[in-house]
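Here chain A shows up in two complexes: once beside chain B, once beside chain C.
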Partner chain A sequence: MGGYSYDELGAIFAMQGFAGISLFSVLLLMALGLAIIFGQMGVINMAHGEFMAAGAYTTYLISTLTETYIPAFMPYYFVFSIAAAFLVAGTLGYLAEFILIRHLYKRPLDTLLATWGLSLIMQQSYRSIFGAREVSPTLPEWLMGAYPATDMIDIPINGMFVLGLTIFTTLAVFYLMFKSSWGLRVRATTQNRVMAGAVGINTKKVDRYTFALGCGIAGMAGAAFTTIASTGPTTGTLYIVDTFMVVVFGGAASLFGTIASAFSIAQAQSILEFFISGSMAKVFTLLTLVIILMFKPEGLFASKVRR
Partner chain B sequence: MSDKSDNQRSWGRRKVVRALGALPLGIILASQLSWAAPATSTGQAVTDDTVTVGILHSLTGTMAISETGAQEAEKLAIKQINESGGILGRQIKIIQEDGASDWPTFAEKSRKLLVNDKVAAVFGCWTSASRKAALPVFEKENGLLYYPTFYEGLEQSKNVIYTGQEATQQILDGLNWVAKEKGAKTFYLIGSDYIWPRTSMKIARKHIENVLGGKVVGEEYKPLGDTQFGSVINKIRLKKPDVIYAAVVGGSNVAWFKQLKAAGINSKKQTLLTISVTEDEVLGIGGENLEGFYSIMKYFQSQDNPNNVAFVKAFKEMWGDDSVIGDVTQAAYLGPWLWKAAVEKAGTFDVDAVVKASEEGDIELTTAPEGYVKLHPNHHLWSKARVGMWKKDGQAEVVYTSELIEPDPFPEGYQ
Partner chain C sequence: MSFVYEKLFGDKKGLIGFCILAALILVVFPVMLDSFRLNLVGKYLTYAFAAVSLVLLWGYGGTLSLGQGIFFGIGGYAMAMFLKLEASSPENTAIQSTPGIPDFMDWNQITELPLFWMPFHSFSFTLFAVLVVPTIFAYIIGAAMFKRRVGGVYFAIITQVVSVILTVLIVGQQGLTGGINGITDLRTLNGWDITSDSAKTLFYFINCFLLLAVIIASRFILTSKFGRILLAMRDKEDRVRFSGYDVANFKIFIFCFAAMISAIGGAMFTLQVGFMSPSFVGIVPSIEMVIFAAIGGRMSLIGAVYGTLLINFGKTAFSESFPELWLFLMGGLFIAVVMFFPNGLAGLWEDYGHHLTKRLDFIKNLFSKSKSAADAIELKGSKS
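Let's turn to the complex of A and B:
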């Protein structure tokens, strides 16, 4: 690397490191909701991306309403819109489970088809309600721009925001799953549905809330992603492949695996991308995944559930 | 075996059709004064008082974002033509089909419009991929397509009139401008990974290296739909180019500009010239993320000439005050008017005659919102290139306008 000073290289190294961590937090936030649904319930939710879009559109709506009616609230609305996105997407997920998914638990492959149909329905609804054009909420000024750590290092504020949100969500999910009594019931249901029912756990209720929680987290992810990209009816499809990749590579039933997988994919992708072109970086990342999955079909961290 | 006999049969049928077609053509020419051509003289859906055309854009799917404006403009033009008396005394009827952002669907719907509906002309397609898919159908069925998008060039079909700019028209003058005005020597090229950005960048690179004597310090393509630009932005930072030259499209476009801003790269520190941002895209990107960056287009909504003022007013009346008009939307608006001029010159709706009239090089529109355009015998338009600087409100200020540029779809020395 001739012609560059050590300061410059150091700065680039720091910013590149952050780019990787930023991609990691995006991937993890996308995958968390899916990992809960896929891992705990065995439902392949093809409409995951559309629940993210629901969160993004909620943010857009709140942004527009705030701008029109209470402009003074603009700098703060974003935090509330994330909570609202969680509630809206969660409610939609609750309804979807109630109307559609619960009838298909005994036919796991049919849930794949049913949720794919659901995703098409949701896409077309967005198109009819919000129009085919992409929209972006007006973001508060403090969220945009960069934080100049030194003269040469600029850290994107939205990246830090997404990172913070991801850490918060991950910790919350871990607390829910492994420390709360509700999490205990979810895990019990996953391990042995009949037995869990026999000891008095309402497994149907557990399913419904698990699904709603997964969709709600997807909604939060969607809200957070309005800071880095735009929202259109088909936005969800942009994310769904990466999301599944993270969950499958991590090992379906393991939340820890999801984190590890998001981290390794993100670092591999962003480091490769720095040295070769974006398309080739993606090819190499995917090739590596395929090869690893050939030897470890269960993913990085196979679940230790008795079958 | 069966292939051969099929071939022969269709050959024979075609000859017969052609022979039949020649007969009424003579009648039309003879009776041009009264325009009382026989109702179905050309085998097309033409009656004594109506003529049917097709509109073929994506109303659903990922491209609907971009193609909405184009089909709105085409409908506006057709409405205005009808209000002013139609074409050859006939009102235009529209059959609209949805390409659904799926290239084979474009081919299938083209066939439906040409074979079943027998439309006299089709206004449609947006991406190069959809045009390439529909092209064989138009050539086989001898249809007529008005294609509105600026595109990579290297094509000239008898059955297509290209109302947007081909690559050299859009690219070269903009590069000259930035080299002269900003003293730019080093360029970083970045685009989405498909035919249009790659061809455009190839032309840009040749021009930068061979004509401007500048240097390309990086060339990068991102997969379509990719929303992560962190690593690319760091690479650009390391190379410190005078100009970032961008052709990123679709959802990626929004992510690219949002992340540029988030990384602290703005127009105060960096000159950025893009060939893929129109007013339509700005809606999604947000004017505040683009402020001070430049686009090269042939049309901007803010252009202050009487034609455009009237056009913008009519467009907003028909499609709502919130609507914005981008380059392709305006080019789509030209389609029906160019067709009208060619049909009236030919005195018939017959495709061969209309194409012949179009190829004489004297069809011009003085009423075009972009100013003035003239149809070149090579099926493309003479037009000007403009550089617009984006403002916070999502409109561009035109800072440079070129002379009228001759279209050159097969540029020598750039391939």
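Let's turn to the complex of A and C:
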């Protein structure tokens, strides 16, 4: 790190830190959905990235439609598209659970193969519908630009907006999973399916909505994703491994662990990217994670259960 | 004698299956196909090494590795590095600013051969590296994971991440590895032109014999006591552990063995196809290898070969005529295999074969019944 003064280093860290926040937000939203699906339900959802892409394409579609038919609505469409992304991805998740996943709860490794098949089908559908090229929605004016905090530090507004969205979603998920009676039913079902059924919980219904919720959050991640990069048919696969790492590194059943690990992974990658090339930053981050996981396989914040 | 026979082929059915496969790849394909198609089949059969290794590791061992591409890649790259060094002798690369190093290094302003490339001047070292480097690598991963009782889903994800790391590393370090294009333009092996038709045919047969040998070796492992423990571990790991076996060591062994097999496939791939690139290392090829095994039947060594051939024939045929349909079909096939016939082609054959033998028995019975009836009539006739 030679050649930089302390001030410059501070500014670099701050700038890359803000860039990292966008990555953190998308990773966390993806990982929240996956933490529910993988951490709670034990389903290895390889199509999770494609549900994210579904959200991103929904945003793109709404943006294009708004631009063509009601241009006056442009400043506000993004808020609606987040909700739409949630609904579209959630509905797709609901269908996937109904058709596919519910038959495979007892075979976790097989869910991996089946959902990989699903992801191939979804990718090809995107390619057929939207074309192979990457697309990105026209963002509303107020999301663009940056707020100059000091001479050397610019705070990107889209990053802050996405961060706000992420905090809101995280709180909502936390409330849903740990404070609401629905969350109680979800946790009861995942801990002991038979017993939960015996006390009158409709476990099949709980499964279906839990899976749909996880996919819906992935869809919101997709909407957030459109503010930082463009979307292509294979966008989802780029993020799926990182997302799994976030969930595994955080400790599969711990929501707090997921947040902490998404933050550290995104920041490590983003700050390293400034000093070494992007690919080497990724190699270093992932390698460090693998080595840590070799020593601490249960992740950062393991729930205290005997395995 | 029968002892050896049972060890190597399982039973009569195993022997018949083995002979059919051997006849198919050693006689039928070379006779029926032109040299281009035969080379293509040879390429598919190199994937079959990885599929067979997954039958051992996943079907019998219950440990799903999403990183067989790593080992396939290491084997392939080791061979490619040797061939590349031979192809970039100082005479061949006289136009470069630094003659005697591979062309992609020259393009990336590297002026000296990196240290880890040096030993690949020797063919015997390369063969050694193809077999040993992946095994050591697998040992490190396996020992770190299995000793800490990490298995199942977590193991699958970690191996997947390792394959991503390796891919990103290869793509990122273009000067050392050839980057996204891989190592290309491989022409000769110890001065012998490997791009000629006769060389390709020879490699095809070497590949087939190696594959058959690997299948026999795998069968030998599975029919031994080790194979029993492997199955027991898959079904009730704790009980095996409580019986005093060191579960981790058995898992490490089978993981290393699987890695070595895949690496042989990788090396044969490079020899037959003439290049190696990161697109055979990452997540997608690794999962595809799992699918080959799953389609063929995760419990069938021979089925894995058929699964590999079938999927790849399908892939080639479809991507030539309907490239858009192929991914839909492949995705649908994944789902169908998992949901409707988890034992793959081998399972179907077993079911269908069962009916077939039943029907044969029925006909036989009918025949013998009618014969005995005829005998009875005859008997009656002779009595009266």
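One rule holds in what follows: the second predicted complex is superposed on the first by the 282 of 307 C-alpha atoms of A that agree within 3 Å, B and C clash if a C-alpha of one lies under 4 Å from a C-alpha of the other, contacts with A are read in each partner's own complex, and residues count from 1 in each chain.
As a convention for this text, contacts are C-beta pairs under 8 Å (C-beta built on N, C-alpha and C of every residue); 3 or more make two chains touch, one makes a residue touch a chain.
Computed from a predicted structure; not experimentally measured.
By the touch criterion defined above, A:Asn158 reaches chain B but does not reach chain C.
In the superposition on chain A, contact of A:Leu87 is made with neither chain B nor chain C.
In the superposed model, A:Ser136 lies in contact with chain B only, and not with chain C. Put chain B and chain C next to each other and count what each touches on chain A; the higher total goes to B.
In the superposed model, A:Pro108 makes contact with chain C only, not with chain B.
Contact with chain C, but none with chain B, is seen for A:Ile44 once the two complexes are overlaid on the shared chain. Of the two partner chains placed by the overlay, chain B and chain C both lie in contact with A:Ser279. Looking at the shared chain after the overlay, A:Gln124 reaches both chain B and chain C.
Touch criterion met: A:Ser270 reaches chain B, while chain C stays clear of it. Comparing the two complexes, residues 124, 127, 237, 277, 279, 282 of chain A contact chain B in one case and chain C in the other. Touching chain B in their complex are the following residues of chain A: 4, 8, 12, 15-16, 18-20, 22-23, 26, 124, 127, 131-136, 138, 144-146, 148, 154, 156-159, 225, 227-230, 232-235, 237-238, 269-271, 273-274, 277-279, 281-282. Taken together, the chain B residues at the contact with chain A in this complex read 59-62, 64-65, 68, 193, 220-223, 225-228, 230-235, 237-238, 251, 254-255, 258-259, 261-264, 280, 283-286, 288-289.
Residues of chain A touching chain C in their complex: 42, 44, 100, 103-104, 107-110, 112-114, 116-121, 123-124, 127-128, 237, 241, 244-245, 248, 277, 279-280, 282-283, 286-287, 289-290, 293-294, 297, 307.
Chain C meets chain A in the complex at residues 58, 64, 66, 144-145, 148-150, 152-154, 156-158, 160-162, 164-165, 168-169, 171-172, 283-284, 287, 290-291, 294, 324, 327-328, 330-335, 337-339, 342.
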